[in-house]
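Labels run A, B, C, D, E and F following the written order; every chain starts at residue 1.
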C-alpha cells in the first residue's frame, strides 16, 4: 500500500520527520509530497524544500520525496496512492482535516477509486511544533537546531534568510 | 418576521440551500444577502453570485436575494430585518459567530432596535461542505455537481474559471 | 409556530430566562419542558423546578411550563412542537447539540413530521452561567441572587438545601 | 500487520461498521475488541455485544471479534497488535484520544514494543452517530434500523430492552 | 501574594509538580489545596494524597500542602489567598476553567475581596498527563514511575491498590 | 517581577485594559508592548497605538507602554521581563497560545533565562470583544464608545478613519 504525506515542509521539522517515520512503519511505501501553497508566505523555494526533506529522510528506506502541484486527488490517482497520512497536533486542526478527508474521498470516489485519510496523533515531544513558528524564529537568526533536522539547521542557521516576521507578537 | 441569511456565496452550495430552506420554513420572509468579502479571494463577481443564488433558490417562494455592502446592522435597520440566520457546521466556527452575534446585538441596541442571531446546526448530509473547498476543486476543472445546485455546476463545470489554488495540499 | 425549550432547570437561572425571552420573541408560543435527568444529581424535585420556572417566566405571555418525560420526539409530536430552541454558551457544547439535533430530526422524519433545532448564542451577560455552578454555590448556603430569578433566590437562599458538593475544587 | 479496534459496542452501530471496514482495508488483520466499561451504563451484556458485532461484521473476511478486559496494552502485547485504530467524529473527542495514544505508546515502549494509534475521520454519513444516542432512542422502543446493522435492529427493535433514559432532554 | 493550586491530586503527577514549581516562582507563597471530589472515583484517601503531595513538593521552600473542603471562595477568604493557579493542558478544558474563574470572582467580589485566576499552559513534556490515566494504569499494577514523583511510584508501584478500571478501553 | 503584555492594540479596547489592570495587580511592573503585526491590516500607526494605549492606561501607576519589534524573546531578555501575560477569551485561541508559550520558553531557555507565560481568562463583561470587531464597526463611522477607552473613542469616533471592511458579512 502506497501512502502520501502531503505538506509544504517550509521547512521540514522534527515533528514532520516523526510523522513520516511512523507512516513508513505502517505502510509499504511513503511519498512525501512537497506542495506549493500560495496562501502561505514561503521561506524556501520548492526545490530547496524538496532537497532538505530528502536530506532529513535519507535514513528511511521506503520513503521518497516529490514535488507536487495541482489537485491532490489527481496526484494520488497518477501515483496510485490509496492512503493520505497527516499528523494531528490540536483539536482545533481537526475540523479542517475532516473537511479535506471527506472531499478528497468524494472526488476520488467520483473518479472510481478509494482514497482513505488517516490521522496520526502527535507524539508528546513534538506536540506543538510548527513550521510557522520555526520560520518566525529562524527569521531573526535564532538557533533552531532543537526543532529541525541537521540539514535544515545548517541551511537556515546562519541567519542568511531574512524574512518579514509574520507572527503576532 | 423578516430574516437575513448573510454570506459571500462564492458560489452558493447545497449546504447553503439547505440552511436557507430551513430558515424559510421558520420565518415569514428571508433575504439572502450576498456580501463583498475583501478578506477572501473571490472566484465569482457579486453580480454572478447573486444570479446563481437566485437560480438556486427560485423554488422557495418567501426568499429574495440581494447584494449587500456596508455594515450588517445598517442593512438590517434599512430592510427591517430582526433576525440573522447562519448555519453552524463546526464547533470551531462557534466562537466567531458568538462574537458577531454579540457585537451586532450591541450595535443594533445602541441604535434602538432588537437584532437576534439564530444558528442552525448543519444537517449530516452537508455537514462539512464549504464554498472554499468547492472553489478549490472547481479551479482544477473537476466535476462539482454533487456539491452545488445545478445552475452553479453548469456555470463552473466547464473549467473555464481558472483560479490560483489557495488550499493547503 | 410552537417552540420547545427543553432542560432540567435545576434551578432555572437568569441565563435560561434570557434564552426563553428571546425564543418567545421569535416564535408564536414557547413550551418550557422541564425534564427528568437521571444522569445528573438533582437539587430540586420536578414539581419544584416547574413551580420556580413558572414564577420566573410569569412576565412572558406566550410561554408555558410543563413537566416532560419520555422521548423528546414523542413530546414534540403530541404537543405539535416544530422547533426546539436551545441556548449555546460554549463551542465545546456544540458537538453534543449537533448530535441531538440530527438524531431528533431523523427520528421525527421517520415518523413523518419535521423537527427543527435552532441554537441561540449566549448573551455576554450570562455567557458562562450554569445551573451546575449555581447548585454548587447554593449548596454552601451562599447568596445566589445575582445569578437566578427572585423566586429561585428566595427558595434556595436560606441555605436549607444542603447538598453534597459535586464540583472539582 | 494486526490492528485493534477497541470499544464497548453497546450496541455496534453503522458508524462502527464503517470504521472497521476501513481499518480492514488498511491492515492485514483486524481484531474488534469488545471491552467492559464500568463508567458507562451498559444496555447489553458483553456476550450479546460480541454476538451482535460478529453478526454485523461477518461480511469482512479479515476481521475477528473478541471480548477484552484488563489493560489495553496487555491485550495488544499478548495478541501481537501493533496498531490501534479509532474513529474520530468530533474535534472535542481528540484531546482524549491524544492522551490515550500517548500513554499507550509510553507504556508499550516501557515494555519493549511499539504501539501506534491511527485515527480515521468519520465519513459524512455517520459523522454524528453514537451508541449512546442509539441506546437512548432504543430505550423508548423507537425504530433504530437506520442507525444500526440488521442484527442489532432485530435484537433491540422490539422495545424489549427497557432502560432508564440517561440523556439530557 | 499568596496563591492556591487546588486539585484532587489522586495521585499528584509530574505535571502537577511542574505547575506548582512554576506557581512558586511567580508568587510569594503557594498553598497546594487537596480537595475532596465526590464526583470522581478516588484511589487514595485525602490523608494519603496530602502525604504524597508533601513528599513530592518538599524541595520547594515556599509551598505548603493542606487538605481543603467546602466552598473554594471560603477557603481563599480564610487563608487570604488572592490568586488561584491552574494548569491548562487542553483547549477543551478551557470552558470549564472560564466558568469557574468567573463564578469564583463574582462570589468573592460579592463578599468584598478580589480573587484572580491565572492559567499556566502545560509544558510540552507533561502536556497530556492526567491523574485519571495514571490511576488507570496503576490499577493494573503497571509501572508508573515515568509519570509521577518517586514517593507516588513507591506507594502505588507494588500494585497493591487494585481498583475497578474506569476508562473507556 | 516584570511582566509583558504584548499585542498590536489596534486599537486598545476595554478588554485589553481589563487584562492589563489585572496583570498590574499581580506583578510589580507591567510593560505593554505594542508590536508591529505585518499579518494584520492595521488601522492605526504604531505611534498612534502607543499614544492611545498610554492615554487609556494612565490611571495604573506600575504600567508603561513601549513600541516593540523583533523577536519577542529578545525584547524580554533586554528588558528583563520574566513573565508574559495574555488574556484568553476562547478555547479556540488556546492552541495558538500554547504553541507560543512553549516555543518562547524553549528559545529563552536556550539563551539561559526563564520565560513564563500566564493566561488570564476573560471577564464576562469583555468576554467576546476584539480589536478586529471594533475596527470593523469603527470603519463605518459607528459609535464604539461602549467598547473602548475614552481616548480611543474620541480619536476614531468621528468616522475620519475610513478603512476597507475586512470582516465576513
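Observations on the structure shown:
Simple rule for what comes next: a contact is a pair of C-beta atoms (placed from the backbone, for glycine too) under 8 Å apart; a residue touches a chain by one contact, two chains touch by 3 or more.
If you're wondering where the values come from, they're calculated on a predicted model, not measured in any experiment.
Counted as hops between touching chains, the shortest connection from chain A to chain C is 2. For D-E, the matching interface among the pairs A-F, C-F or B-C, defined by over half of the contact pairs being the same residue numbers, is A-F. With respect to chain C, maximal separation of chain centres occurs for A (centres as means of Cα atoms).
Chain C and chain E have Cα centroids separated by 32 Å.
As a whole-number value, the distance joining the C-alpha centres of chain A and chain E reads 37 Å. Chain contacts: chain B has residues 90-92, 95, 98, 102, 124, 128 touching two or more partner chains.
Screening every pair of chains for touch gives A-B, A-D, A-E, A-F, B-C, B-D, B-F, C-D, C-E, C-F, D-E, E-F.
The touching residues of chain A, when paired with chain E in their complex, are 90-92, 124-125, 127-128. In the complex of the two chains, the chain E residues touching chain F come out as 1, 22, 25-26, 83, 88, 90-92, 94-95, 97-98, 101-102, 105, 114, 116-124, 127.
Interface of chain D with chain E (complex): residues 6-8, 33, 35-40, 68, 70-74, 92, 95, 98-100, 102-103, 106-107, 110.
Contact residues on chain F toward chain B in their complex (touch as defined above): 89-93, 128-130, 133, 137, 140, 142-143, 146-147, 164-169.
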